[in-house]
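Across the two complexes that follow, chain A remains constant while its partner is chain B and subsequently chain C.
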Partner chain A sequence: MDRVNIINSNKSYFSSKHKIDSVMLALLTNRLQIIHFIIFSTERLQYPHMVWLIILGGVISQLYIYILSRWLSSNMGKKGVIGIFDLFGNVFTRIFLFVWLCFMLIKFIIASSYYVYLLHKYLMTQHPKLTLVLVLIISIVYLASKGFANALKFSVIAFVFSIGILLLYILLMFNTFVSIQDIFPLFGNVFNSNFLNSMLLIWGFFSGPECLILIGPYIRSDVNIHKSMFIGNLISIIEYVAFFLGTFIFYGSDFLPYVQHSYINMINFLQFKSIQRIEMITLPVLMVNFTLSLAVILLSSFKAIVYITGSKKIPKETTLTFFMISSIFTFACIFFILKLFTTEIQALFWGNVLLYLSVFTYTSIPAIIFIAILAKSGRVK
Partner chain B sequence: MSFLKRYFIFTMLVCLFLTGCTKHRIPNKNYIENIAPSVLFYIRPTDDDNIEVTTIVPPIKKEERKIIKSEDRTLTGAILKLNANYFREVKTGQLRIVFIDKKLAEQGLFDVINTFFRDPSISQRLYLAVVEGDMESFLNTTLKENIDIFLYEKMNFNESQGEILTQNLHYFLKSYYSTYEDPYLPFYKIENNKLVYSGIAVFNNDALTDTLTLKEERIFRLLHPLVKYHKVLPITICDIILLNTKTTTKIDFSNSYNDVNVSVKLSSHLGEYKDGMKSDIHENYLKLEDRIQSSLEQEAKELVNKLQKANSDCLGIGRYTKTLTQKPFNGDTWKDKWSSLEFNIQFEMTFDDLGVSKCTKNK
Partner chain C sequence: MIFRRNSSSSNKKSTSDSVTENLSAETIENLFSNMADFNKINLNTPGGNEYTLHFLKSLINVDQLNLTVILPLLHGNKGSVPLSIGSIEVTEIDTLHKAMENLLTGSILIEDIVQEKYWSIVIPKDLSRSIDTSQQESILYGPNDSFVEQIDQNITLIRRRLPIAQLKCKDFTIGSMSKTKLYLIYIDGLVDSEILITMEEKIRNIDYDVFLNTSDITSFLDDNKNSLFPQYQLSDRPDVIVSALSSGKISLILDGTPFVIAAPITFFELFQSPEDYVHRWLVGSFLRTIRFIAFLITLLLVPAYVAITTYNYEMLSLQSLIIVLTYRSDVPFNPVIEAFLMTLTLEILKEGSLRMPSKIAPSLGVVGGIVIGQAAIDSGIAGPVLVVCIAISGLASFLVPNYLMTNSSKLIQFIFIGLAGLWGSFGIILGLLFLGIHLNSLTSLDRSYIAPLAPFYSKDWKDIIIRSPIQYMKTRPEYLHTQNKNRTSRRKENIK
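On to the complex of A and B.
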């Protein structure tokens, strides 16, 4: 058993016998993107012809995926954090990792709080938020404690569980009073006054793979990284387009702006003979996406912290540091959700903060790495 | 030892998750003995502009059932006040049907509907209906027959395959917010202390403007572009019943959007006929088709005139002005256009089956 858990502390997180294959990498990319889609939700894209912008965003995202995959498949990227030291040098790496860590911490906190907020709003309205956030964070920490390779493998489970929800949405399209006219006009002027906001939102939907810059050592060497990540991004595009047009068919373009969180609200309409409130199952099941993405963020942050603070070339990754770091994350989350994330207005505000943050990180991190790789290869020559 | 430790931690966690933290606890003990999840609400306005809510309790238990009601300025206030008349807490989580009095519907429904929409515990499949007459005495006399659950089952069946139109909260709101459509609700009357389905209540925005009779309701469904199957279709003019009718509706607008061509193709089985067609049906069916077509066209024109007078496009004709590339009407412009629209309605009727018997015996 090369799996690492809290009790057995001597083993390293570098255990590399179990590595993820191409399918897992594709699904991982897809699941990291989908949590942004759940949080930001599509109602702000008022018109059906914005679907072309989603496709455009997806195509640009393929470019960024290409940069990331080039980094992950390079010799430096395969070494993980050490590769970043090779790329930037000692001082710049610490600065880079520190800034990256700050962003990831904020992202971790807001994303987990937002999920708890959704759970609290739609399902357990009178339940204390503290218990809900504890359930989420304990599942994240448990998954993370299993080690990087095992946490990444969870992507298959997360995908299988949550793709079922998309299939449920298809049932909604077989209703009697559904007409294709609701998604018309499909062609129109996308460059309206709302263009910039829509583009930011769509770019936010596709963000997420920037958390993967440290997973290089856990990918099997025979995997075509670019192809896998490309397919993952493609699944996201298909999923977004299908869901986006589905909301228009279900709600109509005039009712949609009045609905909040259509991804969760739509399922409310479904009723079966055996189970009538299907959203009681689907909303908690969405947690697997959050658990996976946030566990990846937590593990990457853990690595970053260990390497920033450690003075030696390869510092020791002990259970104690992992435990301390995850408790820092946990307490930050609990403080945040009980003090700064209590009202609906604050939820809107933090949702926007997360959007701008995701847009910023997804734009800048691959770009910085790309420039650094270019500079490095230029210097070598 | 390690097993004990693990067991201890597990038990502690279970306790924590099940109980929550006592400090933040809101008194909300949903023991089944303490709550009364209502299935049916009847809402009517009182003389002094309040809203009165009537419901039947207990919904499931085998106790003596009774009607409780209360009134307040707001709907939620009235629902909360219901608890004062009963020893259990009335909950809305299982609410399935809301009957709304015609007078309240004439004043405007949005405030009532919006209250239901905002509550996440209420399903969007909540059935809505307008009722005219003394609903309370009807409920009183039918208390013991589990009338609320009976009505819910009836509407649930009719939504999928029945002959009574139903409307739920989601589609009501969808057509209310839509710029191209107006909502409609099924209309019930209390006649001789019985609840009788008697047509459709037609809305302009959220206010009831007219009601359609049962005869008009059939034509309404024939014309509605999204209702494509009719199990039974009586043609009143010549006592003919059509079975298993399938319709395809085609809606074309002229370039200026002043005229609209609605052509409906029907194909149906001949069910029953009483008229003077005692001779061979196989020879006369062409005449019969013509007669049915002209009678349907006549009735459809009257219906459309009535809807235009009521200023309500509950057929959703306006949705068909949208094409792949353009959306000619914005805001309220379609609703201004609707009442002055020129309709040209054509029915094209074919029998795809005349029944098993070859011809009727001449007397």
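On to the complex of A and C.
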């Protein structure tokens, strides 16, 4: 068995004995995308006809998903980091991995901080942020300590945990003050002054799968990678469109621009006779998505560090000490960032930083890999 | 090395220095000195043969000794022991170690003084109790027999239900002192060879002196020894074990205990009961769903009370909140202490009723449940809402058919109460998250514990929460990777 025990550091965190299947891959793609949606939310899109931009963004995202799936299906991609070495060569791989690692870690730190900020703002006002960061980091490290394969497999549990929230949103639509008229007009000029910002925001929603470039060795050989990732992205498109239209139906286009974090706030209005303030359950439940995404990023970064500092053939032994030091380092970074996360304006700033980073990484990483594959195949010919 | 296959026992090292000596009547008598049940009989036959019979009277069947050994030897005139005793298997013994082992496991040792040879005949004393109804997994409709302590009788119970030549049984001996017999049972041509190899390897690595109970072996076989969840199914019902074997699982029978192991298992299988298949499929599915809900109630009801009364008052409607707070206002403890105290009391009552004689146990239930509960409310130690929550969660915990799981869920409940006291609803969700991560990484015999959820096997969902009609369950569980996937005889590859 390749289960990684945090107490027994001799076992590898990266054993690929147990591989993921198509369902896990689809849900993994979906869950990695969804955390950006929770952070950015849709209220900035302003008009109902922006739904077409979401669909357009989803379609373009399918193209990027196609590039990533081609990479993961290729012989090089199946080798994971070794495949990156084969693609870029020794020096360029280290540079590529280093840059990729920096972006991923910054994304990891800001996303964690943002979730803690949301948790503190909406639910745990009386608790110090330090405790919340610590709890989040412990959950991420606990999942990561189970090994890469188990962390990827956790996508199914994350989906099962959080899918119930979607059902609650559907219940919201049965409120008496909800008006279907508010989603009209569905057609309008999408190329307005806000087009670029909207497009960036939508592109940010779909980012996330770029941190999967190293998971090739963990995918079962019989999995149709493109089909799985395509379905994962499709689920994201459906979720985003449904939620976006849902916010218009619920708040109306006049009120929506004044709402902050509509994804979290909306559920506030769901009340039953026996139980109210459902967001006290849903907001902590969203942590599963963050734990999954951040554990995958942490393990990928950890793997990249091992290969950057070691050689291609014999990577440095992955030890518990090394793993714990990396985790403590990220914890310190998150705590530092949180110090700069006290006001709404600062939160908006860091949210924007995360958005631009996500847009940049999702655009550049598949593109670089695509160009490198083309260049390599050209050289081979 | 403690483990060995019986067939190769002659090659193994002896357990004491004395057994390295030569095999002779004197050394045997020295070894078994100060043992009141050790007997020696000298026989001089009319044919001129001289025999000495050595045996432990407490371990052998004396009637059988007289009828099938002593009488034929006295009347036999054919020269050698095997020829004189034609009806039973006679084995020649050439080492002291082997002689000692046979004597200690219910054999007699015959010393042929004329030919200077030693022979062993197995005639163990029959100590088995009669086959009784299962006390742990009783069902209303269905077979009533259960396993007993005698390993061979247990094999008979299985073989009667599965009269096929493919039912294989490998024997092992574990425990350097207890020399306990262990049978590994599986259906050849059905079970995944990987599972079989993994299990055999695990058995070979067992290193301990005494094995008295099935749970003693499971702790050696567990993939994760620190997990709260059972990674093997224990059952004393032959129908449950036969069903597991026919699904493509393997089974372990240990001598001296009526509980048989089936492996691998999944988390969802712990909620299945043989009675599910007795009821109409809709009723069976309904009962199974109730068990899952009951499990969640066990884990979450009391922690939810603690969370609501500590941090998340807003979650209750005003009407409900007034009721809870009115009754809680007289309680001097905070909700966490209150919940801990009352849950602990319930656990003490449960443990007490388990250890007490069966005739007193119901009285303890009445005293505990009604008298202590009411007294706790009247004296202001606990609020009535909490007592109701604890009573419901206590009852719900017994709906899970697996008793090991019931106890695990109670411990998890305590952890959740603590988390709810620390962080309210966030604490409970955090506990569930950690539980999810743990279950996600857990394996039983290297197979995912949360299959068929992850990895996702769509066909296996016919018998997880919903119990489909048996006609629709044409395939064996996919997560077991059986060599033969189909249960119906129309398929070509099926076992004949």
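Heads up, the rule we're going with is that the second predicted complex is superposed on the first by the 361 of 381 C-alpha atoms of A that agree within 3 Å, B and C clash if a C-alpha of one lies under 4 Å from a C-alpha of the other, contacts with A are read in each partner's own complex, and residues count from 1 in each chain.
Convention: contacts are C-beta pairs under 8 Å (C-beta built on N, C-alpha and C of every residue); 3 or more make two chains touch, one makes a residue touch a chain.
Just so you know, these numbers come straight off a predicted model, no measurement behind them.
Of the two partner chains placed by superposition, only chain C is touched by A:21; chain B is not. In the superposition on chain A, contact is made by A:157 with chain C only, not with chain B. Contact with chain C, but none with chain B, is seen for A:119 once the two complexes are overlaid on the shared chain.
Of the two partner chains, both chain B and chain C are touched by A:127. In the overlay built on the shared chain, the residue A:288 is in contact with chain C alone; chain B does not reach it.
When the shared chain is aligned, chain B and chain C each come close enough to touch A:135. In the superposition on chain A, A:146 makes contact with chain C only, while chain B stays out of contact range.
In the superposition on chain A, contact is made by A:182 with chain B only, not with chain C.
Of the two partner chains placed by the overlay, chain B and chain C both lie in contact with A:277.
Common to the chain B-facing and chain C-facing surfaces of chain A are residues 127, 135, 276-277. Considering their complex, residues 1, 3, 18, 20-21, 23-24, 119, 123-124, 127, 135, 139, 142-143, 146-147, 150, 153-157, 160-161, 272-277, 280-281, 284-285, 287-288, 291 of chain A touch chain C. Interface residues of chain B, counted against chain A in their complex, comprise 13, 16-17, 20-21, 24-26, 28, 120-121, 123-125, 170-171, 173-174, 176-180, 225-227, 316, 319-320, 322-327. Of all residues in chain C, only 223-224, 312, 314-317, 320, 423-426, 429-430, 432-434, 436-437, 439-441, 443, 446, 448, 450, 453-456 touch chain A in the complex they form.
Residues 121-122, 125-131, 134-135, 138, 176-179, 181-182, 184-188, 251-252, 254-255, 258, 268-269, 271, 276-277 of chain A are the ones touching chain B in the complex.
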